[in-house]
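Each of the next two complexes has chain A plus one other chain: chain B in the first, chain C in the second.
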Partner chain A sequence: MHLSGRRDGTLFLSSIVRNALVGLAAAGVVSCSSPSPQATAVTAKVSEPVTAGSPKRLRILTEAQYLNTIAYVFGPDIRPVATFPPAQRTDGLIALGTSRGGVTTQQLELYQKAALTVSQMALDPQHRAFLMPCKPASDAAADRACAAAFLKEKGRLLNRRPLTESELNAFVDEAAKSADGLKDFYAGLSIALEAMLVSPNVLFVTETSEADPGAPGRQRLDSYSLATRLSLFLWNAVPDDGLLKAAESGELHTEKGLARQVDRMLASVRLETGMRAFFDDMFGFDDFNALSKDATVYPKFTGQAMADAREETIRTVIDHLVTQKKDYRDLYTTRATFISPALAVIYGLTTPPSWTRYEFPAGSPRAGILTHISFLAVHSHPGRSSATLRGKALRELLLCQPVPRPPANVDFSAVENPKPGMRTARDRVTFHLENPVCAGCHKITDPMGLALENFDGSGRYRETERGSPIDASGSLDGRAFTNVAGLGQALHDHPALTSCLVKRAYSYGTGGPTEPSDRPLLSYLDTRFADDSYRLAGLLRAIALSHSFSQVSAPAADAARAN
Partner chain B sequence: MTFDRRSALKGLLGGGAVTVGLPLLDADLNGNGTAFADESPLPVRFGTWFWGCGITKKIFVPAQTGKNYELTEELEAIKNVKQHINVHTNLTAYRDGTFFCHYTGWVVFRTGSAPVVGNLPLYESLDTTLANRIGRTTRFKSLTATATGDIRNIISYENATTPNPPEFSPMAFYTRLFGPDFQDPNAAEFKPNPRIMMRKSALSAVTDQIKALNGKVGAEDKARLDQYFTGLRHLEQQFDHQLTKPEPRAACKPAKAFKEEPAPGTDSQLIATRHKMMTDLMVMAVACDQTRVFNMTMSKSDSNTTKQGYEKPHHTCTHEESIDEKLGYQPNASWFTKRSMETWAYFVEAFSKIKEGDGTLLDNVLIMANTDVSYARVHSLEEMPAFTAGRAGGKVKTGLHIDHKGGQGTALSYTCLKVMGLEVDSWGTKSNQTNKEVGEILA
Partner chain C sequence: MKHILVVSTAALIAGLAGTAAAEDGALKDRTIGFVLTHKSFALWQSPDGKTECPDGVNVGPREQFKALYPNGGKFAETQLARDGEIMFPDTTPEPKLFFHEPVSKVGIGLNLDGKVDDNDFVSEDGKETGIDNQMYRVVGCTDNYRGPEGQARHFIQDYMRKFNYNRWLIEVTDVDDLTNDPDVTVSLYRGLDALTQDAAGNFTSGGTQRIDAKWGKEFMYKTKGKIEGGVLTTAPVDITFPVSQSRGYPYNAVKDWRVRLSLTSDGADGLMAGYLDLERWHHNLWQLWSSHHRSYGGEPVPSQYRSLRRNADAYPDSVTGENTHISAAWAVKFAQAFILHPDPKVAEKSDDGVTSAGKSRAAQD
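On to the complex of A and B.
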């Protein structure tokens, strides 16, 4: 089933069709043997279905969350060198791996090095002048009251809740002992702060729950856990003072109070930081950290171009979704973007002095973020393009459809490229498709990837490959097109495009993979997203205010871990 | 030398007692340089080395077995270190169910079990098993590095869900090993820093938090907190090292810091450069007894190493390159394997150049090197190759080619574990479970 029969040109989709296709997308893996969808109708729901809630999780702060937090608590100029290892990508997102992996001794070493830098900088003469809430009686001796005032204030933000008396006392004791031993109040305080920064309460987000008075027998996140879940979701940082106050006062557990806080967070400039992190993760842009191109093949693809390519797409996403609040689907057709000097060289445009808004002209093959250098270059080989890699990325990252791995002990000799007459990628790929062993999976990826063949492995436009003209026609789940603009439109209209974003955003927000039992909720969120013209803020709001977001399910996370 | 190394350092900073794992020094050795003066033997260290995408059997496997085998085309690069290496061929990894093309094979060698889901092993890797046994007293429990420049190229697992991410930047690796926290064992003066003692003490403020947290989480998360706690203990131990006067060690001569990072990229020459920088650091870390367990990766399992001017990266090449009719093999795929063998030879040779006792560092090391498949073109897990290098303090013979005749790959890993002193009756699961040692290499 596809949408080619829809001729009215509006964005409206009947709930039945939408949910049927969404159900298909939620089912996950694309079948190698029958890629054409067989949908089953699911009844649409307008109100949030009753769900089991989401599991409580123990998450480890990521490098970005840690740095965002440090910047908020101590000021943006305190930035330690913190190369914390990334979590393992889980169910499409690195963020979900943070609720699974453990901490190695090496990792702890890195946390400690960062903690040392932060604690020394925060209490150096320049910074303590405005970070200290008090002055010690003497710079050369312990002052428990003043140390406690500082540790209590910063500790509340770093721990995302007020420290208990015994927790605070433990740190104040160490500050006092060290201050007396070293005859230096600030050195002592700095040592206590360093210890706090490597403490499990700071590095781990431990979600805790309480009985839900509104739903007898059910558990909900306690208000501090809810505050942290919200702020990691929307800001990729720990709660600010206002959010903690809302948790302290109980405001966060009232319907209106929660909405007020969520709306405040959505309106904050920090939403950009949060959404940058989310889309960078969802688009798999960590690949940029290890991207390299053969300089003899692509001399213009410099390190700067690489960094700028990542930024171009993220900038476009933020401008389109956060600033202009436009339809998510239009990201795949929009001609509006941003270019930098290094990118202009590859795009073949006049070099601007710095980052500047740019609109690709009508008729240009560049339309939608798929035609950005980022996607094109990341999903290519170092020295050539790859219709297969591009098609696979598109399926997995944007449609949430995992492409099956190659089977065991296949003799790949069929995939060889022995004939000198095979000049273009299409020649080679067609060869795959004629071989039944390869065709099963390659027909899922290649027909859409081929539409991007007018762009080489560095994202440059080309009309020929080895002297032969490139045919950029292709198809996506039964929808045929003749060029890349057609692919963009087919993707725009594909129901899995929006349901995939819903699934990713919900799992990102709740900190772990979705499970089959989440399907009714995801379906409900799909409807909400559609009803709000696929605007991001509406989706984030619907997720953050859903009962499933704040209600806690019985521990059943084990099954999800193996996912 | 009058310093009493066996006693804990007392009297420092108001009587705080410090216990540490002490570095080796020649003065402690017995007359013939094979053991400590009290006759406890020199530490034997364990390492691994990894390369991706296997071999080409017909130009890799030597025709003869035993000592006097002739080097083949793909093995030519190891000629300078042939006497230090054992070449193992014809090993089998069993997939026991779902197959992950470039993952299953090496995970069987390293963990003893075939994975059942992608990118997750079932158990810790053997280097972790050994690090938990012999790595507790050194500054670093183990060290892992990759020449690929990509932190995501995992080769070591702390447990099923916790990878040990590799060092991927030579400059950062240098700083970690020989930066400000390094105690130069040959420095004339040693003055313990009282601030370090305070910093160590302050960590105790954190300990109580763990108890409170343990009550709030499930069993799996509790294990994660336990792991954190172990890491915290290790931090305390690292502080102890900084508070202890290290003994002079003749072999410990760290080079100066690198002036700049090598260019990013996966080009074969860049990989070789990065591998050399990382290896030199790793060897010196072992010579300075900063660690006794180490892992080095040359390329990831589905190797993305590139050859200048050739459009297919290594992995793609193995699948798509046609067999040259005259040569009878894939010339570019084999070109990549030959570069891997050169790199492996460099790794072994680097250990052989450091003098220790009456021999070299390599004599007191055991290194196991393996890959993900045999013939990458078809992802075969039969006829797999591997190497061992070093004499493990005299426990292992070298210079041999052993045809395992289709035997379990895990037998080699099990042998390494036994040589390193692990007392287990068998290792691995299902078809990969073994209790066989490779007797041919045991001295």
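On to the complex of A and C.
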């Protein structure tokens, strides 16, 4: 009986998915409709420049966004095993890859498995007691009114807008048919919920626009699309009831109303979840998922140390930027961090058996998140450090300066089988700078990476390599330093450090890469960021309240972007 | 030795610079801690075992029972009687049974009494004489204790990994130099935390151990020591130390306990020795090691008890004049560990003082 009902449900949701996917494919990944841009006024010290706005996008929810959403809608104990495939990193962020590519049948199967788990758990006897807004007339038969009440409430949150009458009726019909067939109200409702969870309207974020009455000729995101864009940006989850109410009432499309909602979101505990996702993405920490170290070379770099290294840096970032609201640049010089027992073994520190706030003493080589085990270990080889990988990561992740890939026929023998006299990494990479073919790229990576050579491939401090003292001097874009503390300070003072965060945050928020035409806006945001002493909340607020965030670009502007 | 010198140089550089090298150094604030990772009776074994045990190893309770009662008999007169002898052993002769003791003069251990007696052992290289380790005679021909795979050895190591109640710490303070320091202080504690393991599952240095300040007060001791050529030796002190697999007394008691340990910044390796309270040790043994363990390890407890009493060599009872303690030595290994002391102010205020104090101390570090 159960199987027949499940089969019905599966067919139902499959047809929804198929129909919707056809429709989405026809719409294309990015669609736009808007007249020419228009100047806008802001009340800040500097005015937001005229921009083309940002394109409407079609994105698929990431695994984290899906899980956050499920937790917020049904409760944190409803957590399916959801191993959704990651998107392709685009312009420095995985989040930007969610608007590219398609969905395979295997991927759809993963969504369906997760949906099955969620729908069954949410309506099991334990959870239905508080998740159901009503009690059916009979547990063994359909009850359309009660099913509709549940599906309407949860459907609004999952779809990020109220369900249309026809949509709701379709789900209620399925719940009723399955309940009667299975002689079980909750089993029938579960099938309808499962169908909803795999519907494209839930899994995909489809931004839609409307005419902007405040800017004749312009298009803006409609209120529900704006609510979802804000929520994914700041919370890495779908909107809550309050944000949807603001969208429903039109509050979001008023200047004060939008500011009120953004401030509420910035004050919410969900901001930490959102910023964890953003910085994990910006720092390329998905590399941890494929990280491995040679246990004979780095025996203390355990699996727990690997997981904790990622957490250490994210904890530090959240504490510094979100909790204490400090200057973003100071992340690269701060001695404050958090350590766990597994990390303490590598750091050589005493620690109780839990996460502990810790401050490296003055004069310690550990200063700034560049000297965290995370950055040092991820950007190293399995058995040795890498000045080049570290320098490259610093350029690309923190300064938004892409480093070209090495030529296909590069000769690695000098570093992999060094001559006996080449005792330190500096000895081994020197030939890069002597070889014109290599020097072009290596001169922009190695001088900074070598400043981190006092840390081996597992992030452990060392003063010598193969018995030779390590020279950790270097330079960053003309600023010379003698050790890693100097590198941290040079990075702290580098103008690209803050502009890179601005660029990443804006593109993360709007869901796509920035373009040359965005430069005036980014420059404006840079100024706002500086005026606010480089505090993250101020930057997020400036982006969220900018007209470019909510206004959508015209097809012509998109064509220009494409060119 | 070379490694020790390198460490010493690094520590010196750290001291001068006051910065970098101090971070990863094991010696901090003139203190270095260690946590026990291996302990077994120090037994000298020849390659084939024939030198020290020419008549072979001992048999277990099943073989002894068969020798005593080849034709069986009434339950009360056989099995129950034998159980009684296990639980209440005496020193009367056992004409039908045998017990093998090592006959070798070579042994491992320390000279506890400063004398060279006839029954003392000599080190394999002949350089050390007067080694007091009569416990070797008691357990040296018993598979349970012989390496590399004796049952007792296995379970001691297994429980070292699985449980924390047998965690044992040595902290050396007032250390100016890990290679040579004529005056250091050695403190003993029970620890609270699991042993730190590396990526391959081996015990490794660098972990943190909290002191069990609440239930481990009976394991806190302090003595003096010195370091010569990287080897730590300590002045005798009466101690108890926690042991695994004990359902009776969760510890052993040793008089005149001392160590001889080679120190590095990663760990310590060597011997500890002293006079073991034989009744307490035996009580733990028969309470814990059920017949199948004694059988697999060939350990005939009543016969072994007679050996214990026969070889006991210290602390005679004031009334009977019989020795109550037996000289013993253990091969031990320690991994370097940072020892976290509870903050007495916090500990006084809260039952959870250890954890709170630990956090407080870590913040200060």
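Everything below uses one rule, namely that the second predicted complex is superposed on the first by the 497 of 563 C-alpha atoms of A that agree within 3 Å, B and C clash if a C-alpha of one lies under 4 Å from a C-alpha of the other, contacts with A are read in each partner's own complex, and residues count from 1 in each chain.
The definition used in the following text is that contacts are C-beta pairs under 8 Å (C-beta built on N, C-alpha and C of every residue); 3 or more make two chains touch, one makes a residue touch a chain.
Just so it is clear, the structure is predicted and the values come from calculations on it, not from any experiment.
Q: Have a look at where A:201 lands relative to chain B and chain C in the superposition and call it first, second, both or neither.
A: In the superposed model, A:201 contacts chain B only, not chain C.
Q: For A:435 in the superposed arrangement: first (chain B), second (chain C), both or neither?
A: neither
Q: With the two structures laid over each other on chain A, which partner does A:109 touch: chain B (first), chain C (second), both, or neither?
A: In the superposition, A:109 touches chain B alone.
Q: So, A:357: does it touch chain B (first), chain C (second), both, or neither?
A: Second partner only, chain C.
Q: For A:303, select first, second, both or neither according to whether it touches chain B, chain C, the two together, or no partner.
A: both
Q: Counting touched residues of chain A, say whether chain B or chain C comes out ahead.
A: Counting contacted residues of chain A, the larger count belongs to B.
Q: Give one of first, second, both or neither to describe whether A:473 is in contact with chain B, with chain C, with both, or with none.
A: After superposition on chain A, A:473 lies in contact with neither partner.
Q: Using the superposition on chain A as set up above, list the residues of chain A that contact both chain B and chain C.
A: Common interface on chain A, chain B vs chain C: 296, 303.
Q: Quick check: in the complex, which residue numbers of chain B touch chain A?
A: For chain B paired with chain A, touching residues are 14, 95, 99-101, 117-120, 140-141, 144, 148-152, 158-159, 161-165, 169, 172, 176, 194-195, 197-199, 201-206, 208-210, 213, 216-218, 220-221, 223-225, 227-228, 230-232, 234-235, 238, 264-267, 304, 306, 308-313, 316, 319-323, 377-380.
Q: Taking the touch rule as given, give the residues of chain A at its contact with chain C in the complex, in rising order.
A: 293, 295-296, 298-303, 341, 344-354, 356-358, 360, 363-366, 454, 460-463
Q: Which chain C residues qualify as touching chain A in the complex?
A: Contact set of chain C toward chain A: 10, 13, 17-26, 28, 193, 196-200, 202, 204-208, 210, 338-340, 355, 358-359, 361-363, 365.
Q: In the complex, go through chain A and note every residue touching chain B.
A: Interface residues on chain A, with respect to chain B: 58, 83, 85-86, 88, 100-109, 112, 116, 166-167, 170-171, 173-174, 177-178, 181-182, 187-188, 191-192, 194-196, 198-201, 203-204, 206, 208, 286, 289-290, 292, 294, 296-297, 303, 381-384, 405-413, 415-418, 555, 557-558, 561-562.
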